[in-house]
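The following blocks contain the structures, represented as structure tokens.
One chain, chain A, links the two complexes that follow: it is found with chain B in the first and with chain C in the second.
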Partner chain A sequence: MIDNGLLVQMLLGALLGLSVYLPLAAGQLSLATPAFYAVGGTLAALLSTRWSALGATADGGFPVPSLLLEMALGGLLAGLLALLVGRLVLRLQGIYLAISTIALVEIVRVAILNLPFTGGAVGIFAIPQPFATAAGYLLPALALLALAGWLCQRLELMPLGRAMAAIRNDELAARCMGIDTTRVKLIAFVLSAVLAGSTGALAAHFLNTWNARQGSFDASITTLAFVILGGSRTWLGPVVGGLLLTALPELLRPVGDARLVLFGLVILLGPVLAPQGLITPALLERLGGWGLRSAAGRDAEGAQP
Partner chain B sequence: MIEALLQTLLNGAASGGVYALVALGYTLVFSVLGVINFAQGALFSVGGYLTFLLMGGRIGVNGALPGWGLPGGLPFWLALLLAAAGSGLVGLLVERVAFAPLRRRNAEPLLALITSLGAGVVLVNLLQLLMGAEGYAFPHDTNALGGLPDALVIAGARIRTIQLLLLLISAAAVVALSLWLERSKGGRALRAVAEDATTAQLLGIHSEAMVRLAFVLSAALAGLGGGLIGVSVSLPGPYFGIGYGLKGLAVLVLGGLGSVPGAIAGGLLMGLAEALVPSEASGWRDALAFAILFAVLLLRPRGLLGRRTVEKV
Partner chain C sequence: MTPTPPPSTAVSNDTSRSSGPIERRQRGALRLAALLAAGIGALAWLGRSSDPAAKPLTAGPLTLGAAIAFTGNANLYGQDQRMGLSLAERWAGTSAPQGRAVRLQMEDGASDEPSAIAAFNLLIRQGVIALIGPTLSQQAFAANPIAQRQGVPVVAPSNTARGIPEIGHFISRVSAQSSVIAPLSIEEALRRDPSTKHVAVFYAQDDAYSTAEVAIFQKALAARGLTPVTVQRTQLADNDFQTPITSALQLRPQLVVLSVQAVAGGNLIRQLRELGYRGQIVVGNGLNTPNIYPICQRWCDGILIAQAYSPELNTPINRRFQQLFRQTHGDRPPPQITAQAFAAYQVLFEAIQRLQRKGGLTGVTLGQARADLMQELLSGTYDTPLGPIGFSPEGEVLQDRFYVAEVRMAPGGRDGRFALVRERHLQGSKP
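Then we have the complex of A and B:
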């Protein structure tokens, strides 16, 4: 039921979940992940189909090092965009920030739809393939996920990660303690964008075609659902949420047309049944000894009177 | 030339009126609960489809019951009214399922964002199951406008009657709601709950009932908008409300969260700005609302007419 293609999609979902998680770990509700994902994917689609120096062959093949280069460039471009936009939007708080990031997603979507070189509604197709089968994509997707997960895990022990957790708990207090909150929030936002941009570059090759629909408001919500349903207190939550919720619509395929109704019901009832998400610090504590105990979780418990 | 300009301005004001309806819907819920009901776009779709069915439209070949339709066809205005009421009931259901359980637990407001979106996904896909993904045009031939001509000539300019009706009906709804909020006992109670739910409760106002009322009214406004757009343009598919829901969100922030005059002014401004986009650049029109929103958020983070709030420590 779960083939290699679906596995790759699940890994991509987990990566996008982490991208939403990073700003949220600093208390910032950003829904901009699909915009950065779309930017990275569009860059990769353009480079690999237009720039012959990357080595796309006539039969649709593509060298793996070029793919890695594109993932780096996609992350870089998305990161630069985030640096630019972040300086402006991160002054906003709460729901204002969320809505302005939705605005960014819509602007990027309409731009990709209308720019003269991105292929309009059809998009860019016949993107060359670095791997002959879907299984080939498992390795780079897993590697990127491992890298991102390792970074998130490290972050919990680093001053930056601790500052992010402090801002999440109380931004005003964090600022009073001498934390440069603007800078910390911006770093989290840029990291999130880099991850989404690289993921987009990989996804463009995997999906073979790329168009404006890849980064839409729907995706903002689905990726946020990965984090909320998976659990937003530890980095494992978004990963589990991304894996499960990406697989769910496919696993529900036998249900037929009603599957999206059921998917909606899961998003609707999930937060009611499990307000903390599936993976909570307490759960990890109980599983204990795996080296997965989260610093954020200990902090949260330590903060209880 | 004049005719074209007049038509453009009217189009702009008409769609601006619908944006204002959607934004007012958000405003009602936001001012009472401080959360955004992301199912608003889906409720807009629900209103459009309800109006279609009430006016005697039949389900297409891809629907669950191909060829089925309600017996008879109601006149335009009655169908619109009933569809708004029906959407209001669906809105009440959304409140019961997506908001009430979280409220009882004092859960993070962020969660309501997800649950209301989930409710939206369910609604849109139920519509798709029932009606199919195809577009629907309203039965215009049945003299749906109640004997009114298709177009009027005003000051030498030919104007589609439906556009004029669109503007008048949304204006009437907005005025009626503002007056009700300002003058009536119920409106005052609602505003009291918005100001401070605990105090309102102590004063003998049933806060929970007011919250429910806000959801019903909010959803009815969205449904009314959906019906109006459906009749004047068409129903391109169950997802068509989502776009209006997003534009309404932009209008909401443009005017200032929780401000009724702000939502109205923001809606008109947005509609007119969009109508003035030249047709060569029409592909970019959908981004305009968000570009304006972006600019406003950066210059005036509280929105055009929003109140400044000070965080107390």
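Then we have the complex of A and C:
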């Protein structure tokens, strides 16, 4: 059964999936999410263990407002880094962008490993806890996910979201239509970084410890798998992918030693059976059309070219 | 696939309110999101912690939980630990058949932090009386605070980093810190060749264990007035060491000190020898497994290693342990990590039996039994295959017998053994 601790991990997975989705919605395959996640996590770990003004108590407690402040700061720092790096790397496209963002992940990992104040390979441990049980983390994780989901839902109707969609379909055509493609891509990249940074700050407290292994190349691939399995065309795809793929290894525990083999099979078969991912725009349209057939069905058909 | 329509079509669709594809998709997304939110809410409600600690302890067998790495890069150690725990279970069945029955439940703690947390949560919810694990120190820093908060005793079989027992009252370990063991092998190497002046050091800079151990090696060298002529940093996942070895060998080292994990270490030793190094090699705890023999084969011969366990220790419990090991795993000596896992189970089992005899396991809640067990565990001394051990009040292992071994490979170079060269009694850490 899924306990609250696993549920929090699933929500964190969904948040990271959304963070990969945002640049992808503007047609940019960026694998930099773990780098920003690591930045946010490291910042939170450092602040909560070193800066007594945040109110960490001797018995390992931590005030909730300080956690929210850390999440904001983590997002801010990651966003700033994305703003700086994005100007450079977003000149690249496709596989070249993917490679350069992998390089960013590696640079951040090696930096965290070697900085004098991040604890080296052991990392930072004894991170104070804002909540007594894992259930406490559900609320901030859900709130962050709801906020990100609301933003993604709104984006589809906003000029920014439409510009992102236009770039994904054809960047050259979008530019010809007067869209400032560099700016739009940069905004998507920064939004993704802010989300990953805040998620990292939350995850650092949830994990009790933070080290350079949290933001690795492996994590890039895992988060990309969330989007590929869930579907990259709607924001709910990565959410569902993140929730499912984080839960699956734990749900497969009764299988014993073969559980990761089954997990691998799911990742293999998912894209084969559902090439567009589990959640496709067509599925959402069908879901949205239910119950409206009688009222607006004829009208809708009339609107189709 | 339905491509997103360009803005112009979307605008024209606005005339047919509530029926355009975008509106329908938006409504569908909202409905699915609401469905997901309801699902998450239901899961949160179903999975809320129904803490088994408040329930009275049932009369049946007690469950020990073990979260060990069966997958990921630490699985080489996890396999050794699984052997040790299974042997301990069989030993317990024969050593105290009249005592309180104990059942072992093993879960895969993998090699990363989230998996260790999930495995600990799972076992704690199932009502285990104590936990064994996790395999890596970094995982311990993530998962142990959870056990500490819920008041579940933890015995770590293989965490050697500094600060593990300090996580809390409920955390203890049977694996001695590297600061105690590591200097012994350097001592032995310098005894064999007192004229050693040039030392080269290799370590994996992205590994918690290596960075901690190499600092201790360096301190031990400095205490004898030796400064390494070179310190080569490698990465955890490296297997090709030609470049660092070549640059180190140019400085003509007489002693090479390695602190890396098993697979990398085996390759590093082999490549050192193949590139012409003939001097002594001292290795750290990461190579304390016979799993390195197939990797470095005959090139393993002669390396020095300090150990917390020696198969050649002649005590009844060690003979019994070896007998059990040979019955199931063939005629070879058991590795240190297996012996430590056995000891982790053994100390918990013996503490449970003592508590049972005192009547401390009847008429109490699970939470109370866990707390009493921790008290009992720390207060006892144990005759384990590692030798006699006990615990400090913080839960740090007190062990006074350590060993320096030399790897001797069989003529074919396929198999070998850790041959005991020196036994050391350390004062001041009496159990």
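Here, the second predicted complex is superposed on the first by the 288 of 305 C-alpha atoms of A that agree within 3 Å, B and C clash if a C-alpha of one lies under 4 Å from a C-alpha of the other, contacts with A are read in each partner's own complex, and residues count from 1 in each chain.
By definition in this document, a residue touches a chain if its C-beta (ideal position, glycine included) is under 8 Å from a C-beta of that chain, and two chains touch if they have at least 3 such contacts.
Note that the structure is predicted; figures quoted are calculated from it, not measured.
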When chain B and chain C are modelled together on chain A, clash or fit: clash
Which of chain B and chain C A:L7 touches, first, second, both or neither: second
If touched residues of chain A are counted for chain B and for chain C, the larger one: C
First, second, both or neither for A:G264, with chain B first and chain C second: first
Chain B versus chain C as contact partner of A:I95, first or second or both or neither: first
First, second, both or neither for A:R168, with chain B first and chain C second: second
Contacts of A:A134 with chain B and chain C, given as first, second, both or neither: second
Footprint overlap on chain A, where chain B in one structure and chain C in the other make contact: 113-114, 257, 260
Chain A-touching residues of chain C, taken from the complex the two chains share: 1-4, 6-7, 10, 13, 15-16, 18-33, 36-37, 40, 43-44, 46-49, 70-71, 107-108, 112-115, 117-118, 121-122, 125, 137-138, 141-143, 145-146, 149, 161, 163, 167, 205-208, 210-212
Footprint of chain A on chain B - complex, ascending: 36, 38, 97-98, 101-102, 105, 107-108, 110-111, 113-115, 117-126, 128-129, 242, 246, 249-250, 252-253, 257, 283-284, 286-287, 290-291, 293-294, 297-298, 301, 311, 313
Footprint of chain B on chain A - complex, ascending: 29, 88-89, 91-92, 95-96, 98-100, 102-104, 106-107, 110-111, 113-114, 172, 217-218, 221, 224-225, 228-229, 257-258, 260-261, 263-272, 275
For the chain A and chain C complex, residues of the former touching the latter: 1-7, 9, 11, 60, 113-114, 120-123, 125-126, 129, 132-135, 138, 142, 146, 149, 153, 156-157, 162, 165-166, 168-169, 207-209, 211-214, 233-236, 239-240, 243, 249-250, 253, 257, 259-260, 276, 279-290, 292, 296, 299-300, 302-303
